[in-house]
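For reference, the structure is listed below as structure tokens.
Chain lettering (A, B, C and D) follows the sequence in which the chains are written, and residue indices restart at 1 in each chain.
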Amino acid sequence: MTPEERVRASFARQGLLATLGARVTRVAAGKVDVELAFDERLTQQHGYLHAGALTAALDSACGYAALTLMPEETAVLSVEFKVNLLAPAAGERFLARGRVVRAGRTLTVCRGDAVAFAGDEERHVATMIATMMALGSRGGREAG
Amino acid sequence: MTPEERVRASFARQGLLATLGARVTRVAAGKVDVELAFDERLTQQHGYLHAGALTAALDSACGYAALTLMPEETAVLSVEFKVNLLAPAAGERFLARGRVVRAGRTLTVCRGDAVAFAGDEERHVATMIATMMALGSRGGREAG
Amino acid sequence: MTPEERVRASFARQGLLATLGARVTRVAAGKVDVELAFDERLTQQHGYLHAGALTAALDSACGYAALTLMPEETAVLSVEFKVNLLAPAAGERFLARGRVVRAGRTLTVCRGDAVAFAGDEERHVATMIATMMALGSRGGREAG
Amino acid sequence: MTPEERVRASFARQGLLATLGARVTRVAAGKVDVELAFDERLTQQHGYLHAGALTAALDSACGYAALTLMPEETAVLSVEFKVNLLAPAAGERFLARGRVVRAGRTLTVCRGDAVAFAGDEERHVATMIATMMALGSRGGREAG
């Protein structure tokens, strides 16, 4: 499988991403984009997109960006992430861009940025830093 | 309104929390618990609960824990949060406990811990540190 | 005072930065660089620069980058920061670059990146995301 | 060597901790305390203890708490940490308490809390969450 096929096959197994209506729109070496459309089912109390939905998209974009640089038999696991919310997530459409900052043998550090598209405007609404872990076929099953 | 009424009214306006099937199970001064049941619609690629669903529950538990200590006319906004994933989120039921670590006039720091219940076992699966901001009736609308 | 004068005056009052031998090498709108030379007094147990020294430089670079965009009577306070250590901090010289990601009325989010210079090589050794708070002349004295 | 001997031997090799005047005051399984006295050489611009000094103490307390639970030939490396500053670090003496939250084969998650002692008062001034990595005798040399 190519890295893109691996990403799309894994993405398709994620129940939450289907529930959120998230789609992978770009896969390149160390770079994955995930898109989300606004939906009332995904809001927080002020009517904006919920930080939990943004986080799911950013976490997936970062995790899959890391996966593109890992050996084929490897699975990827989120170790930790931090999100700063920069502005209300108001818009019709949201793009979460995951980028590898440093790829290591065991751990990969990624950065994710989410932008909201409202009409002609694009706004930076959240930024993530995440640590991803490669799980080899040795069968490790630890999350931390 | 009592703090509990404020929390429940705000919670009911969150589309994502309804989509996730999340429920508030405890509201006390500086303490809010949010519960989530396992559902295939909420999984990640290995069949466990997705970190995005856990994060939404933890963020809500922390935000509402902060809100219980804020003046009545105040709204609460997540400034940033960090999540460490400690173990696979495997179980039938998940509880996110939000607790205020320090309440300030503008900013409140909270800690959230998520546990998974699988049969008779209880497992600590994630921990969050979050910064919450009080938005007064002065009408501030900034997220950062 | 110009923003640069404000930054340099405040920097000069920081005992720890003098102890570390840190110097401000650049001040521009939303951008501050802080430099550190390797010293055996600043090492961790493997002989590299200690993460605490790098963090002090990154925190200062981020805080002062935020200060350059704040009104003149304002002081700046670190609310929180997160550091990912990307590679051993080996080198003769280290540069911490602080950049404003989003400037708000109360809170400013900054990103810091530290590079190590070893001979002709430059290596990205750490990345920070930080939340900074503006303290007005109202005399607020809260840290969170 | 006992875990305590390992911690004290490693601590003694850290140039920065000597420069800061930090001391290990407690070593138990999964628990290490590091103490720091106020000194003008360690201040930030308002005269309080600098966040960088607190971070160095917290990072060391967390890293060594993790080390106490690792196999004897293992070294420990900080992968990432996040610090929330809760109150001005004012006092004569500061204690950083590192505690293991979850110990894994490769990664260990720790929590650190710093308190300031001013006269008879004790104040919680900072909290850290950190991810620590075990480096085996296989000779891994990656920081991420």
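The rule is short, and it goes like this: contacts are C-beta pairs under 8 Å (C-beta built on N, C-alpha and C of every residue); 3 or more make two chains touch, one makes a residue touch a chain.
This one's a predicted model, so the numbers in the text were calculated from it and none came from an experiment.
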Angle of rotation relating chain B to chain D [CA atoms, steps of 5 degrees]: 180
Pair exhibiting more inter-chain C-beta contacts, B-C or A-B: A-B
Longest centre-to-centre distance from chain D, chain (CA-based): A
Between chain D and chain B, distance of the C-alpha-averaged centres to the nearest whole Å: 28
Chain B and chain C: spacing of chain centres that average the CA atoms, whole Å: 31
Chain A and chain B: spacing of chain centres that average the CA atoms, whole Å: 20
Interface hub residues of chain B, defined as touching at least two other chains: 79-80, 82, 84, 86-87, 102, 109, 129, 131, 142-144
Residue ranges of chain D in contact with chain A within the complex: 79-80, 82, 102, 104-109, 131, 133, 140, 142-144
Touching residues on chain D, where the partner in the complex is chain B: 82, 84, 86-87, 101-102, 109, 111, 124, 127, 129, 131
Residue ranges of chain C in contact with chain D within the complex: 10-11, 13-20, 39-47, 50-53, 55-57, 59-60, 75, 77-88, 125, 141-144
